[in-house]
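Next come the structures, one after another.
In what comes next, chain A is part of two complexes: it sits with chain B in the first one and with chain C in the second one.
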Partner chain A sequence: MDLKDKLLSSFLAFESNVDLDNPVHEVRSEAIKNFENRGFPSKKEEAWKYTSLNSIQKVDFSIFPKKESTLEYKDIKKYFVHEIDTYKIVFIDGVYSSYLSETTHDGVDVCLMSAALTKPQYRQVIDVYFNKVASKDESLTTLNTAFSKEGAYIYIPKNKMPKKPIQILHLATGNEAALLLQPRNLVIAEENAEVQVIERHQSLTGNEVLTNSVTEIFAAKDAIVDYYKVQNDVNTASLIDNTYISQKDNSVVRVHTFAFGGKLTRNNLNFYQNGERIDSILKGVTILGEKQHVDHHTLVHHAQPNCESHQDYKGIFGEQSTGVFNGKIIVDKIAQKTNAFQQNNNVLISDKATVNTKPQLEIFADDVKCSHGCTVGQLDEEALFYLQSRGIPKREAQALLMYAFANNVLESVRIPELKTRINKLIANKLGVSLGFDL
Partner chain B sequence: MLEIKDLHASIEDKKILKGINLEVNPGEVHAIMGPNGSGKSTLASVIAGKEEFEVKKGSISLDGEDLEELAPEERAHNGIFMSFQYPVEIPGVSVTNFIKTAINESRKARGLEDMPANEMLKLIREKSELLEIDRKFLSRSLNEGFSGGEKKRNEIFQMAMMEPKLAILDETDSGLDIDALRIVANGVNKLRGKDNAIIVITHYQRLLEYIVPDYVHVLHDGKIVKSGTKELALELEEKGYDWLKQEAVL
Partner chain C sequence: MAYTEEELKKELETKEYEYGFYTDIESDTFPKGLNEDIVIGISKKKEEPEWMTEWRLEAFRVWKEMEEPEWANVHYEKPNFQDISYYSAPNKKPKYNSLDEVDPELLETFKKLGISLDEQKKLAGVAVDIVMDSVSVATTFKKTLAEKGIIFCSISEAIQEHPELVKKYIGTVVPQKDNFYAALNSAVFSDGSFCYIPKGVRCPMELSTYFRINQAGTGQFERTLVIADEGSYVSYLEGCTAPSRDENQLHAAVVELIALDDAEIKYSTVQNWFPGDKDGKGGVFNFVTKRGLCEKNAKISWTQVETGSAVTWKYPSCVLKGDNSIGEFYSIAVTNNFQQADTGTKMIHLGKNTKSTIISKGISAGQSQNSYRGLVQVNSRAENARNFSQCDSLLMGNSCGAHTFPYIETKNKSAQIEHEATTSKIGEDQIFYCNQRGIDTEKAIALIVNGFSKEVLNKLPMEFAVEAQKLLEISLEGSVG
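So, the complex of A and B:
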């Protein structure tokens, strides 16, 4: 049985465990129909030209883990940014771990999607926000919607800010030979609210894992949302991350994606600007080696006047790794005075690494500033010589230059401990220990 | 100390150096002058070990050791320092962290431990005062957004920190106003000693008013066509390079 058929038949089993009278279930039923019609995307589709899901579809994934697993905090501590106090929402093989988590209802809701989807006190919010910005026809998103049940639910009411940042950690234990995870997150920052979220997916063994994640983020008027994605998984774990963001007047949403690992990673990051004077910030650092593959597909849809977007993605590709950056910007006719900036710079440090980068601009307004640029190159020989001439060995000099190349993307990281952590991950990924703390 | 014998060097099969002979002894300052395109900067880069250039013939040795097989960093470890005409910007790495790394890498190569932090700080304070460098400057990203003068001053600061046996200053005077030139030259002069040597590469005589050389060599079309004392620099200032070009043809 191929994966699509397996999923379709699993949906029947899934239905036997959920409340079919819940209005959410109509959304799920609609979604599974859409998925059935579309199936998995193929390389024939323009958006999937450079990323193939063929081999993934041949894996016999468990859709529902058979047994529950527990983990000790000391064994997974390193996957948290543990230097700071945070709320934590932790899932083990897709199942919530209350033991490892720290949630709250103190003025804000930092809790579980399963509760939000089923309990009456969340009904109103779910009615307004659930599946409202996520695509109704993108096949992997619809697949997630069909099985949507668990994930993080974060609701920040007007003028509120959680006392500390929130970490979402998805762990896979390897208890199943191959596991499919489909977390569904909802993040809502109401008017003038603010929230910071760090998200990570981590497989703990060499068993196959596929995560098909959907996150919806809503930023109301004057809200500020910072979302950090730390992708540094093992080489048998693949991630399809579908993130949809809806912004209202004066809101600021920053999404940082640190793509350092995993077998196949696809980031579909979609910003919809539904107000004026909005700022959308998309930043990425990608450092790959071996046969790793990362595909960043971004979309910024400017639908109202006087808004800005800033995209800055840096990539370093070694060994036989492959990278894709596809940045689409749509500026509607009404969206005058839009300022859209997009930059994608890549360095290839191996003859066998490849990167495909493509800006895609659809501009219908006439009074806009849109700038975009992409580069693919090697490390600057002159700069390398400069460092070597100061006694720094070639390998360290290369690492220092790569660090410098990726560095400015980190400037907008607003959690210092996270920035330090990312700097260490970068140094680690580049395989060097430098004479100072990066 | 430095001995260059019949040095021929090319880049992508284009011959640039066509038989250079030069001997530099401890305590000496040599100026290498010449028109644009004569090979001055190439000579500096070849001594420092830039891989783009291919040495076709001849040799360079430092204290009797042939440099040919040595990578740029190994030459630095042996005491060669080159001040760049166009220093490279390294965002995210402060001047202090950079110089610490450079110094400790050289120490590591000599089998020494890292320099203790307090000693390093003391050295940084001493040398930055010498070059009238503000403390705030040291925490800025290396060369990023520096003015031409700041870049050059920073180069000489690095030289002061690394205390090289042989320093090569490649067009250190270009882009400097007179005040910056004086500070830089003053810094260089304080680093002159009986055990180290300096090669000053310049197009103009101006810098040599401040850093007075023991010897002046004129480079033309990849060869040293004339050598003399500091008076030669004045003569060049007066007459330009054309008379030498003619002499070289003859």
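So, the complex of A and C:
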């Protein structure tokens, strides 16, 4: 039985575990129908031209884990940014782990999607926001919608800000030979609210894991949302991350994606600007080796005047890795005075690495400033020579240059401890210890 | 100021197609529709050898299995391929040796187009191979060229007289099954130009052809084959104007360039097919496959000025097969009213130390949609490949669109690729600056557009540069205030 059929039949089993009278279930039933019609995307589709899901579909994934697993905090501490105090929402094999988590209802809601979807006090919010910005016809998103049950639910009311950042950690223990996880997150920042979220997916063993995650983010007027994605998984873990962001007047949303690992990672990052004077910031650092494959697929839809968007993606590709960047900027006819910038720089450090990049502009308004730039190149020989002539070994010199190349993406990270952590990951990934304090 | 914005807009909209007239020449036209008999019929009509007929049939069989491409960013009513006549030739055969023998009505047409043959002969020093409704009518300067060993004739003549060259090269760069329109062209091409420059010869003059669609309901399927042998050089010009017609006309040409070791080909196009009227009615569908192959140290340079056609689907490409070969693409695409253009290039880097440059300037006005679509591919064995791409778009008015779809695929670490694109409009401060110095708005726009396109205009041969500049002015003046 192929994966699609398995998923379709599992939906029946899934239905026996949820409340069918809940209005959310209508959304689910609609979504499974859409998924049934579309199936998994193939390479023939323009959006999936450079990324194949064939190998994933051959794996016999468990859709509902049979055993419950427990983990000790000391074993997983390193996957947190533990230097700072944060709220934590931890899932083990897709199941919420209360003793590892720290949630709150003190002025803001940092809790669980399962609660939000079922409890009446959240009904109003769910009606307004759930599945409202996520695509209703993109097949992997509809697949997630159909099975949406658990994930993080973050609601920040007007003029509030949580006391500390929020970390979402998804752990896979390897209790199943192959596990499919479909977390569903909802982040809402009401007027003039602010929130910082760090999200990480981590597999703890060499067993196959596929995560098909959907996150919806709503930023109301004057809201500020910072979302950091740390992707440094093992080589048997694949991630399809679908993030949909809806922004209102004067809001600022920054999404940083740090893609350092995993077998196959696909980031669908979609920004919809539904107001004026909005700023959207998309930044990414990708450092790959082995046979890893990362595909960044971004969309910024400028639908109102006087908005800005800034994209900056840097990639370093070694060994047999493949990097894909597909960035699309759409400027509607009424979105005059838009400033949209897109930058994608890549360095290939191995003969067998591949980079495919496709920065697109679709512009229907005339009074705009839009530009995109994209480069593929190598490290500057002269700069390398300069460093070597000062007694820095070649390997370290290369790492220094690569670090400098990726560094300006990190400048906009607003949690210092996270920045330090990312710096360490970069140094680690480049296989050196940089001789200065990061 | 002489014009207000409104007046300028109005004038532009009502500006009728200047070359829209129709010459009444009796044509020898095939019945509408396409089947194997028609393909064989065309081949017979041209008195072609059997291998050519076979080659056409092979293409036709492939075409039948293919589907029209839909990936381009253009929307139009698909032509009914069974409602087109696939062959039409000006009646009075055989060919003429001097201009006196040419049908006076035909000469009149050329005069209206401003390409009077005798004038061209004397003044421009350009050998003109005029293609009017698919059959080459007159070829000039043939003798001068023959002395150098250069062959410049219609492709049907080449099939008769130089079958070994045609057989060796036709379909090597654009195979019959390359794409839907190339397959269609391979099956039914009626005529086109053929050019062969022998080893080490530098062609002393610019070679040029003028294409023109004349007969109502006839599709034009041109086939051009240019071969530059080792160490040779040729500059080839192609220009088009077509008469006003309400029915959409189909133009599916194939151009193949072959630059052998150390050779250089410069191919320039000015395309001004009928773009349809201000309501988007009528106009030519221009679905063209152009591709060049570079051997060692060879260079192919494409320059195009696209101002016409209702729908353009055109990607002049370079396959940089030989080491140290160079590919260049310089393009200006102007769209106005309801025109749609999806154009760009492909640079395929296969050899070592290959270089390519892409400069594309898109200008959209009215309700038009202008897309750049390009591919830069560096294969794993293409050491030290270098590419520079620049795509700039200028938007005039708020009802048009400019789109960029660059694809960059790199499989070699020594590659250096740069791509940049910008979209903007003509700055009010720029216009104000000109006004302030006594230049009226209309002239200021012409000035700014000219400056915007300069990099590409400079690449055109003299004769074309003047014509191109004029075309830009006609297409754009007054489209914004």
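As a convention for this text, the second predicted complex is superposed on the first by the 438 of 438 C-alpha atoms of A that agree within 3 Å, B and C clash if a C-alpha of one lies under 4 Å from a C-alpha of the other, contacts with A are read in each partner's own complex, and residues count from 1 in each chain.
Methods note: a contact is a pair of C-beta atoms (placed from the backbone, for glycine too) under 8 Å apart; a residue touches a chain by one contact, two chains touch by 3 or more.
Keep in mind that this is a model prediction, so the values were computed, not measured.
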Which partner does A:348 reach: the first (chain B), the second (chain C), both, or neither?
-> second
Mind working out whether A:356 is in touch with chain B, chain C, both or neither, as first, second, both or neither?
-> second
Given the touch rule stated above, what does A:365 touch, chain B (first), chain C (second), both, or neither?
-> second
Report for A:382: first if it touches chain B alone, second if chain C alone, otherwise both or neither.
-> first
Can A:407 be said to touch chain B (first), chain C (second), both, or neither?
-> first
Which partner reaches more residues of chain A, chain B or chain C?
-> C
Return first, second, both or neither, reflecting whether A:69 touches chain B, chain C, both chains, or no partner chain.
-> neither
Mind listing the chain A positions that touch chain C in their complex?
-> 46, 333, 336, 346, 348-378
Going by the contact rule at the top, pick out the chain C residues touching chain A in the complex.
-> 71, 378, 380, 393, 395-425, 480
Along chain B, where are the residues that touch chain A in the complex?
-> 45, 48-52, 71-73, 75-77, 80-82, 84, 86-88, 90-93, 97-98, 100-106, 109, 114, 158, 162
Touching chain B in the complex, chain A uses residues 380-383, 385-394, 396-397, 400-401, 403-404, 407-408, 410, 434-436
